[in-house]
Structure formats: C-alpha cells, structure tokens
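The next part holds the structures, each set out as structure tokens.
Shared between the two complexes below is chain A, which has chain B as its partner in the first and chain C in the second.
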Partner chain A sequence: MSIPLISYRVTQLLCLLPVILGVVGTLLPSFGYFPVAGFHNLNIDYYNTLWQEPGFSSMVVVTLVSGCLATCIALLLTVTIFSVFYSTSSWKVWRSLLSPMLAFPHAAFALGMMFLVTPSGWYARFFAFFTSGLTSPPAWHTVHDTYGVTLGIILGLKELPFLILMTLSACNQVNVSQLLKVGQSLGYHPVYAWLKIIWPQLLPQMRLPIIAVIAYSFSVVDIAQILGPTTPPTLAVAIMQWFGSEQLEQRLLGSAGAICLLLLTGLLMLGWLVLERLLIGKDSRWLINGMRNRLSLGWQWLGHVTQWIVWGVWVTALLSIVLWAVSWRWRYPDILPSEYSLKVWFRYSEKLLTLLGTTWFLALGSAVIGLLLVLGLLEAKKAQQRYALSWLYLPLLIPQISFIFGFQWLLVSLNLDGTWVGVIWSHLIYVVPYICLALVGYFKHFDKRYLTVAILLSGRSQYSYWRIKIAMLLWPISFAVAVGVAVSVAQYLPTLFAGAGRVSTLTTEAVSLAQGADYRVTGVFALAQLVVPLVTYGCAFLIPYFIYRRFSMMRI
Partner chain B sequence: MNKKGILQLQSISLYFGREPIIQGLNLTILPGEIVVLMGPSGCGKSTFLSALCGIVPDQFQFSGKVLLDQQDLTCLPLARRKIGMLFQDDLLFPHMSVKGNLAFALPQEINRRERHNQVIALLAEVGMEALAGRDPATLSGGQRARISLLRTLLAQPRVLLLDEPFSKLDQVTRSQFRQLVWSYTERYQLPTLLVTHDIADIPDHCSQVLQLPYMESTSC
Partner chain C sequence: MMYLQKGVNYLVIFLLFLAAHNVTAQQLQQSGWNNTVKKANKQVVYFNAWGGSHEVNRYIFWVGQQVKRQYGITLKHVKVDDISQVVSRLLIEKTAGRDTEGKIDLLWVNGENFATLKNNNLLYGPFTQTLPNYQWVDETKPSVIKDFSIPVEFMEAPWGMAHLVFFYDSSVLKQPPISMKALLDYAKQHPGRITYPNPPHFLGTTFLKQVLLELAPSPELLQKPVSEVNFAKVTAPLWAFLDELHPVSWREGKVFPANSSQMRQMLDSGELHVSFSFSPSEATNAIHAGLLPDTVKSYVHKGGTLGNTHFLAIPYNAKAKTAAQVVINFLLSAEAQSKKMDPVIWGDPTVLAIDRLPEDQQAMFARFEKLPGMLTLDQQGKPLPEPHFSWTDALEKAWLKRYQQ
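Now for the complex of A and B:
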C-alpha cells in the first residue's frame, strides 16, 4: 500500500470513526441502552422525559432563532460584501483582514463582544458619554436575552470570515471577472450582475460551507454560554449540562436531546436546500425579470454602512479585550480605564504559561499531524475523483454535541480519555477538514508538469515532491497550518469531553472565567487565547515572505 | 556529456476511451535524429509524450514498448527513464533563481562548488552568466526558454521530448531558439521527438513526420 493510500485510510479512520461511533454512542443511550452504566432496556422514556422537561420548547425556539439568525446574517453579509465591494479598493482591505478575522477564536470574540454589548459595556459607555444621561448601567437585555437574538447576531458576525473565505475559494471555479463584464455589457449594475449571474453559480458550490455554518450555529456551546440565554439556555448548552450531570439518567436525557438537535439541524439543512432551489432554480422569476438597476444606489449605500459596522464591531471587540486585559480600574461610565496595570497578568502568570504551553502543544500537534494527513490524502489517487473527499466534511455537518458524548465513550474504552492523544484526536476531527478545505483548491490547480519536469531532471520522486511541489505551495501550506492552529485553539467541547477535566486550554479556561464577574481576568485570558492563532497567522505570512522575498512569482 | 541512445517505439497504441489516437506505431529514432509528430489541437499529441514518460491520464489506454538502447523503459518509473522534456511553458521553478533551477538538474553526487562552476560555465557558453542570480520571473521569454533548455540538458537525458516548446515565443525568438535546440540535439546526439502543429517548427534535417491520429508515417 502506498503512503498516500495509507494516509487516506488513516484519515478516514481518524475522522469518520469518532463521528459514526460517536453518533451511535449517543443514539443508543438516548433509547435507554447504556450497558456500561447498567442500562440495558431499549425504550423511548428519555424522549418522553425530554418533551416534558420544563422549558424544552423554549430551548428549541432559542436554538432556532439564534441558529437561523446567525446563518442568515453571515450569508447576507457575505452576499452584500461580495456584491458591493468585489474588486474595489475596499476589497484589498477585506482580503487583508480575513486572516486576522479567521484567527480570532470564537470564545475570545464572544468575550470581546460581551465587553461591548453588556449594559455596562463599552457601547453603553459611549452612549452615556454622548448623551450624558446614563450614570449607571441601563437595564437592557443586550446579552442573555430570552430569544438568543444577541447570540445569533454575534455568531453571524463570527461566521462571516469563514463564509468569505469559502466564497473566495468558490470564486476560483467561476469566471467572476468575465461574467461581471458580460453582465455589465447587458446593462446590469455590478450589484445586480452579482445577484443574478454570479451568486446563482456560487451558491451550489457554497452548499457545504453554508450547511457547516447551520450545523455550527445550532450546536455551539462556548459562545452560547457566554452570550446566550440562561433560563432556559439553548438546546446545545442544556445538553452539555445534562451530559455533565452526576446522575446517569440525566446523561441519557442529554443523549436524547443530542439526537433531537441532530434531527433539528438536519431539517434546517434540508430547508436550506429547498430555499437554494427556490432562489436559483430554473423557475426563479426574479432572475429573469429584467431588473438591473433598481435601488442600486441603495445597495451601495447599505453595503458601505454594513462594511463600517462590521469593521467597527470587530475592531472594538479586539480593543475592548486589550483594554480590559491591561486595566486595573475602569468604572462605569468612563470610556477608558482610569488606571492601567499588569498586576492580573503577573497574578495569573504561572497558570497562563501552563495553559499557553498546553494550547500551543495541542494546536501545533494537531495542525502538523493534520497537515501530514492531508498532504498524503491529496496525493492519493482515490482523492482525485470528484466528490471523493466529501466524507471528510461529515464532522462539519453534524452538530458537535450530537456525537461528542459517544466519542468520549470510545476514548474511555480505548483508555485515551484525559490524555494528550485523545484530545489531539478530538481536535483532528475538525482540523483535518479545515486544512483540507484550505489546501484542496491549490493542490487541484497545481500544474502537475512542474513535478514531472522535476522528477525527470532530478531522478528522485520524493525529493522533487518536497523540493518543488511543497516548496512552491509553501504559502497555502503555511496558511493551512495557521488555519489548523486556529481551529484547534477554538475547540471547546472536544477539549472538555476528550480532556475529561484533566486537559485544560486557554479556551476552556476563558469560557469558564466568563461566568465570573472580574472582566480584567477574563480579558487577560481572552487576549492570551487570541495570541496563539494571531502569532501563527503572523508566522504563516512572514516565513514564506522572507524565504521567497526575492521571487516575484511567489508573492501573494 | 550524453551516452548515445536509440529510441525504439514498438507496437505503440493510445486510445481515448474507444477512440484510437495511435494504433500500432513502430518507430526507431537514432541518435541525433528528429521525428516530428503533428496534429490539430486536442488530438492527443501531448498525452502521447506524457505516455512515453509513463504518465497516462485515466481516460486513456496506452500499450506497447518504449525501448532505449534495448532497455525497456515501460516498466521503469518516471524518475529512472532518463528522458528530457521541454513543454510549451518553460516551467522554470518560480521559487529558485536561474542558478538554482540549473543546479537542480545536476546529479546529486556533485558537490556545491562543482555545481556552481558547472552552472556558470554552461551559462557563460550562451552568454547568460550575468543572469545566474536572477529571479526567473524577471527574464524575457527567450531567456526563460534557453534556461529551460539548458536545465534539461544538464540532467543528461538520453532522449529529448519536445511538447510544442516554440509555440509561445515571438517570431524572432522562436527562430533563434529553434536553432539552439537543433544545435544541442545534434551536438549531444539525442534522439528527439517533437510535437507541434506549426509546419515552420519542422527542422530541415527531420527524418520523419507523423500525423495524428496515426495511420501511416510520412518521410520528410
């Protein structure tokens, strides 16, 4: 068996086994079958208990509202940004902001947003400053609101860079500039050319990323814990609480909830497929109604306002984290801290260093292993066929909470729970598909003749592969490693479940600290969490830049 | 520099699905001899050259024997075929300098100093030694083509396969580059197979012109 084929099989085993066995391991307990804990009778009691659980319907509503809102906001923003700003001067800014936005861990972003939108947050302080009316924090339900609206909006903003990245990748398969010219020559405003000509071609290619956003938004736990409603919480948070209970029956209830969430997500995914067909299907009248300029100025204006709001939110989220991390005294309604200090850093230095080490080790470990697996995978002949790698994205399409419980039992039975190996494995389930997404287009479009020439010249296949193909693809590869690190750093549930309380990272710590009242400590941990992926993205940019600074064809 | 070789193609067939591109081709190319393969775009010329290197795309079926001095290349991996190939694009490695590109083709056993000397000597031979440290992207089309040829020759191939290497050059450069290629094939006595769709590319001393889809061979 060749190395690529081995890699293909190993990756299948590492990424699919946890998901498939994880879902089975969640499904069986949901029907009362959990032999290790002494439950042997198959029944639907736990589903009945779930329906009767106080607040269950509210949990479903909150999950639906926040999940749908997040998906809609992320998608609408992506459509607006591409339609209005593609190949304008703002486009360069968007492209250069993409890496830092992607690097921002979900939990850190949620904490930054918490610092902004809570009644005593930065926005309320600005409001108080300009209106001089609010001397004490207002009683606004800006976070933990009953229907999870804030959660949905913030999730949507966080998913935006992912959808932009995926759209950019999809744009490689559609001749955007030519189509834009054709559209404009037919009298269509660029915004309408995008909406009626380009997006209908992009949306089918965006199916997987959009479904991944749906799956993520419906099952997110860390952001929901920080910003979501608490009584009742979202279904995913409630399931996590049930899984964490000492009463075994509650864990079975959690399994039933996880399966319900899986079905709910599946329904929403089907809903998207139907909506996609309605939007861009052959019978879509709006595509051929001839409208080409109406409200185009309004679109432009809306695009610019949206752009500044999005940039403003991201920048202020980052700034608020930095300010809280170095503030010592920051009373309401002061806009800036009255006293700065690094005392909190020193107080937590030992813990911070330990967590930083653990987070780096896990992130780099999973990113490097993930990269090697993906490199092998992409060279496998099996991977060359269309849709051959579809299976790899399965973990992104299934709510994390719906298989993580079963996966934990797999780790327990392999004696891997609470070990580094177990945690890295749990991260690889996500790191591998994201690295593959980052690389697959580049490998597909790599001119194979370079490698043929190199092998003919050197007489050495392996040497040519590393010295020519990998070296020529160093930019995307280092970017993919950075993506892998960012994905690993962002993992909350996998670390929590696979780590079994024995492995903590900056993410798990930052989320648990978010429940506390001291924003300074939370700020310190959020900033430390942010540092890991940002430094990696910096290195991913600088290393190839310095290596290839002399070669103009190798610049981005 | 090169050991003289005789390239023999025996009962070569190439199919795209069920459609024959080449059927039962038998061909011998002597050292220094040039055979030209002509045909319209998309008829499978480049695929045929790739197949001689052992790279056959999935939709194609290739059969027959490729012998070099009686040694059967068919079962050898690409790395051991000792074939030199020039493509339509120069395919200079964009992450290496001109010197790096040339040194890549030198055998592994040669030490660093010797590599440098050999590369500079070869560049000096064509009056391009000043370009040694340059980024390939900063060279003109003609310079890039010449570097690509020198790189191929440095690897000491025993056969030369040319896949429309002149087609992207302007008229003047094209003519100069053709002369350079023919002078080297003669000097190193390389059996050469040229693929082209331009009659002007056919050298005066070519021994055969084959037309694709292959039916019969036509002498020049």
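Now for the complex of A and C:
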C-alpha cells in the first residue's frame, strides 16, 4: 500500500470507528444491553422511563427552540451579511474579523456573553446608568430562561463565523461576481440579486455546513450549561447529568436520551432539506415574482443595524472578559471595575501555565497529526472522485453526545481512557474534517503542472512534493493547522469523556470554574482559553510571511 | 475481706497486664505505622474531590506539597463536578472486574454516596481506627459516627464539618429572618429576592430538609428510612410552604440558581437579599477574597440548622492504599486541620476534639481572631442531625416531579 492509501485508511479508521462504534455503544445500552455493568436483557424499559421523566417534554421543547433558533439566526445573519455587504467597504472588515471570530472558543464566548446579559451584567449596568432608575439588578429573564431563547441567540451568533467561512468556500463553486453583474444588468438590486439568483445556487452547496450547525446546536453541552435553562435543562445537558449519575440505570436512561436526540436531530435535518426545497425549489413563487428592488433601502438599513449589533456584541463580549480578568471589585451597578488587580492571575499562575501547556500540547499534537493524515489522504487516488471524502464529515453530522458515551467504552476497553493518546484521538475526530475542509479547495485547484515540471527537473517525486507543492501551499496549510488548533481547544465533551477526569484543558477548567460564579476567575480562564487559538492564528499568518519573504512569487 | 483483697490483686494484675499489652500494641502499631509510611514513599495518590472551589483546591494543593515533603507521596487532585460520578465509575469497575490497579485512591464523600459505596462493598477498610491521628477525632459529634444515619464503622475517616449558615448584607437588610416562616414573610414583602439552589444540588436539598425540620409536626420521623413513614403526609407542610414561596421568590420560582456560589454572586450584586451555605465561614472567606462587601453578616435560624460531616474514603481497588492512608492521617493532624479551619484559607470546621489535643496544638486553633462575617461556635449552636440518607433521593425526586415541568 502506498502512503496516501495508508493514511486514507487510517483516517477512516480513526474518524469513523469512534462514531459508528460509539453510536452502537449507545444504542445497545439504551435497549437495556450493557454487559459491563451487568445488564443483559434487551427491552425498551428505558425509553418508557424516559417519556415519564419529569419535564421530558419541556427538555425536548427547549432543545428544539434553542437549536432551531440558533440555526435560523446563524443562517439569516449569513444571508443578510452576504446580500448587503458583499464587495462593499465593510466586506474587508468582515473578512479580517473572520479568523479571530472563528478562533474564539465556544466556552469563552459563552462566558463573555454571560458577563453581558445577566441581570447584573454589563448591558443592565449601561441601562441602569442611562436610566438611573435601577438601584438593584432588574428581574430580566436573560440567562437560564425557561425556553432557551438566550441560549439559541448566542449559539447562533457563535455559529455565524463558521457559516460565513463555509459560504465563502461555496462561493468558489458559483461564479458570484458574474451572477451579480447579470442580475444588476437585469435591474435587480444587489440584495435581490443575492436573494433570488445567488443564494438559490449556494444553498445546495451549504447543506453540509447547515446540517453540521443543526447537529452542533442540538447537542451542545458547555454553552448550554453556562447559559441554558435549568429546570429542566436542554436534552443534551440532561443526558450529561444522567451519564454522570451514581446509579447505573441512569446511564442506560442517558443512552436512551442520546438516541432520542440523534433521532430528533435527524428529523430536523430532514426538515431543513424540505425547507430548502420550499425556499428555492421550482415551485417557489417568490423567486420568479419579478420583484427586484422593493424596499431595498430597508434591506440596506436592516443590514447595517444587524452588522453593528453583531460587531457590538462580539466586541463587548471580548472587552468584558478582559475587564473581569483584571478586576478585583466590580459590583453592580458600576460600569467599570472599582478596583483593578492581577491577584487572580498570580493566584492561578501555576495552574494556568500547566493548563496552557496541556492545551497547547493537545492542540498542536492533534493539529499536526490531523494535517499529516489529511495531506496523505488528499493524495490518495480514492480521494479524487467527487463526494469521495464525504464520509469524513460524518462526525460533524452526528450529535456529539450520541456517540461520545459509546466511544468512551471503546477507549476503556483499549485501556486508553484518561491518556494523552485517547484525548488526542477524540480531538482528531473533529480536527481532521475541519483541516480537510480548510485544505480541500486549495489542493483541488492546485495546478498540477508545477509538480510535473519539478519532478521532471529533479527526478525525485517526494522531494518535489515537499519543496514545490507543500511550499506553494504553505499559507493554506499553516492556516489549516491554526483551524485544527482552534477546533481542538474548543473541544469540551470529548476531552471530558476521553480524559476521564485526568486530562483537563483550559476549556474543561473554564467551564467547571464557571460554576464557582467568581467572574474574575472565569474572566482569567476565558481569556487564557482565547489566547491559544489567537496566537496560533497569528503565527499562521506570520510564519508563511517570513518564509515567503524571498519567494513572494511562490505564494498562491 | 480476703476474697476482696484477692479480687483487687487480680484486678491490679489484670490492669497491669492490660496496660503492658496496650503499650506493646501501641508500639506494634507505631512500628506498623512506620512501615506503612515507609511503603508509601514514592507512591502516587489520585485524590478525587470536588474541584469547584478555589479555596478548597488551594488547600489540597498545599496538602500535596506537605505530603511530598514529609512522606515523598505525590498527591494528584482529580477535580470532579460531582462525586457521584466517581461512585458510578467505581460501580462499573467492580462489575467489569477491575479489582486492582483502580484509578482512584482517595475520595471525598458522605451521605448517600457513602451508603452506595458501603452497600456495594466498594470501600477498603475498616481502617481509620489504625491511623495514629484518629485518636484525636471528636467521636461525641453524632455525625462523625453516623453519616446520614448510616454507621460509619471505620470505613471512612471524618475530615470536616458542614453547618448550614445564612448570610445577608446588613447595609440592605436590617433584621435577618431567623426562621423559615420569617423568610417566607420577608419574600412576600420583597418579591424576587429570596431563592434556593436547584435540587438535586445538595444545598438545595438541604434547604428542603431544613424547611421540613422546621415545619414538620414530628421531625424525629425523618431519622427513619422513607419506606417506613407516610412520605406524603410528612412532607405535606414542605410542599405547602414551597407553593407559597415560589410565586414570590427569584424569577417566580421557575428558575433556580445552580449552587451557593451563584447565590453569593447574586447577593453581592443585590439581586438576592439572603444567601446560605454549608460552610460556616463562606461569608468571611468571600469578604476576604473581594467577592462580598464587608457589611455581610452570618446568622442561623433560631431552632438550629442542619449540619453534617464529610469524610475521606479509599476504594477497594485503589492502587495506592498505603499512601492514601498516610495522606488521610496527615489530613487529620492538628497542622492540617487548623490550616483548613482558617477562614482565610478554607474555613472548614475541624473534626478533632480541640480540648483533648496537646496544648501546643490547641494553640493552633486559638489563633483565629474575630473576622468579619464569622459566627462563633456558640452563635452557630448545635447542628441538627441529617435525616436518614433515603430522604435525600426521595425529596429530590418529589421536588423534580412537582416543580420541573
């Protein structure tokens, strides 16, 4: 077997085995078969228990509300931003903000948002400052609200950069500028040209990312713990609690819940496919009703308002993290901390350094391994056909919590739970597909003639591959490593389950410390968590810059 | 007379024998302990303990430094959100037959988790009576011998005491409500300012138990297992109370804070007017850490409040059992216990009988001056005993059924 084929097979094994065995390892316990814990009888008792669990229907409702809201908001914002701002002056800002937004770890973003929207948070303080009526925090139901609306909105904001990135790459498949010109020459306002001509062609390309957003929003645990409802929580959080119970039967109940969540997500994915058909299918009347610039000013205006809201939220979230991290006393209703101090940093310095080390090691380890695997598999003959790599994205389409429990059993039986290897493996499941997503376009469009010429001249194919192809693609490659690092840093559930409580990263620690409700500590850890991917992204830009200094023509 | 003389003689001989025997036993024990300490050198102890508090984490870190220096033991604090997760891991390891080389050497436990561990034979022991420092433990405290009415029987070592203490900001609230009835009245006058943590969080469940203890016509029934009493009848006053409290509590009783830290944060921001904790020095601690203003004061209810003991146990399949015992013995030393009791460090009350300790060690406990927010032991009063452990689960289930819709 050649190296590319080997890495193709290895990647398949590494990424698919955990998901498939994981789902099976969750499915069997849900039907009462869990031999390691002494359950041997196949039955549907646990599903029956699940229906009767107090608040089960509310759990499903909050999961649906927050998940659907998150997907809708992320998608609507993406559509608005592209339709209104594509190739305007704001567009450059959006593109340059994209990497830091992507790099912002989910948990850190959730914590920053918590600082903003709690009744004693920054927004309430501004409100109190300008209205000067609120001497004590208002009774706003902003976090932990019963229906998970806040959770949905904030999830949507966090998924936005991912959808923008995916849309950008989908734009490569559709000739956007030409379509825009044609649309405008037919009298369509750019917004309408996007809505009626370009989006209908983009949406089918966007199926995978949109479905991935659905899967993620339905199964997210860390953000839901920080911001979501509590009595009852979302289904994913409830499943986590069942998995963590001291009563073994509860784990089987958790498995039944996880399978339910899987089905629910599947249903919603089908729902999206139907909705997509309705929106842009042949029978869709609004596409051909001839309307081409009605209310276009309103659209523009709406676009600008949304843009400023989104930017405002992201910037204030970041600022509040920084401020909490350097404050000592910051009571309601003070707009700014009354006492600043770095005491918390010193108090936690040792721990922070250890965690930074662990987090970097895991992130770089999984990003580099992931990169090598992807480089190999992209060269495999099997990978050349269309849709050949679709299996790689399976982990993104299955809710994490539906296979992570079964995956843990796989690790336990291989004696890999609580080891570096186990945790890196659990991260690779996600790191590999994202690295592949970041690279596949560049590799596909790479002009093979460069390599052919190089091989002809040098007579060494390996040498030419590294010195020409990889060197020319260095910029996307280092960007892909940064993506891999960011993905690894953000992993919460995989680290928790594969790490078996023995491997903790900045993410798991930040989420667990958030329970302590000491916002200064939370701020410090959120900021530290943010530093890792941001520094990596910085390096991803700087390293190729220095390397290319003398070979600027090689850059593509 | 003669017989009596003889009898006394025998008695003296017997006593002498006993004393001599005792000495040798003690010596034996001492040399045995020295061997234990020697064997423990270079072992690694995985200490699974709740990791949600910086004070506790820092204290355990200090313990790690001490046992490293004094005994060459490496202590690794595995921070867990909820110790019941560890209990279920042990259950699984037992069923899976992982009877040696377990990954947990020491755990922080009490109540129903201890009951589960003990009933499933998941514990190593009895062992605590062999620890040299166990002799100073105050066994007159009922919760040291019976953990939520389960006999401890030397299967776990007492580590610290918990006592339900309420606190309030004296610049906001002049007269704290010193009973559940007064608390309800206060909530009616100030809607949205009173709440309790979400059961099954232990502090939320403790609040339910406290209400029940104060309102139940015959609180002694709570010492019996739930299966032996009429649960619906005994708990009726509790649900009536909560049905009245919820509409006037924080967020109309539809949402509850996750834990005492969140309540403390909301007390600080003025969202709540009363908070409470199972750690009597939490307010003092928080004032020192800049998390509460120094106008915060503590109080207890006039009929007394719940208290219990938390323990340390060793799983049956632990890899480093010897070192774990050495660590426990260190944790029971006056040095470790007094440091733990320092409100600035953790503020966890000691399990030792201070008055029985050697005088130089008594001084270690006397050094705590009066700090803001702190109650004296007299003001705290005698803790009320915990109900039988089966009440915890029953109350949590009933609460979830009623209020988690």
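Quick note on the criterion: the second predicted complex is superposed on the first by the 548 of 556 C-alpha atoms of A that agree within 3 Å, B and C clash if a C-alpha of one lies under 4 Å from a C-alpha of the other, contacts with A are read in each partner's own complex, and residues count from 1 in each chain.
In the analysis below, a residue touches a chain if its C-beta (ideal position, glycine included) is under 8 Å from a C-beta of that chain, and two chains touch if they have at least 3 such contacts.
These figures come from a predicted structure and were not determined experimentally.
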| item | value |
| --- | --- |
| Fit or clash - chain C, chain B, common chain A | fit |
| Larger contact residue set on chain A - chain B or chain C | C |
| Touching partner for A:181 - first (chain B), second (chain C), both, neither | neither |
| Partner chain in contact with A:549 - chain B first, chain C second, else both or neither | neither |
| Which of chain B and chain C A:248 touches, first, second, both or neither | second |
| First, second, both or neither for A:382, with chain B first and chain C second | neither |
| First (chain B), second (chain C), both or neither touched by A:467 | first |
| Chain B versus chain C as contact partner of A:450, first or second or both or neither | first |
| Overlay on shared chain A, then closest C-alpha pair between chain B and chain C (Å) | 50 |
| In the complex with chain A, residue positions of chain C that touch it | 46, 48, 51-54, 58, 78-82, 84-88, 91-92, 95-96, 103, 112-113, 116, 192, 198, 251, 254-256, 258-259, 261-262, 264-266, 268-271, 289-291, 293, 400-401, 403-405 |
| Chain A contact footprint on chain B (complex, rising order) | 50, 53, 55, 77-85, 87, 89, 91, 93-97, 104-105, 107-108, 135-138, 151-152, 154-155, 157 |
| Touching residues (chain side chain A, partner chain B) in the complex | 447, 449-450, 452-461, 464, 467-468, 471-472, 474, 547-548, 550-554 |
| Complex contacts: residues of chain A adjacent to chain C | 36-38, 54-55, 58, 119-120, 135-137, 139, 141, 144-146, 229-232, 244-248, 250-251, 328-329, 331-332, 339, 341, 347-348, 418, 500-502, 504, 512-513, 515-521 |
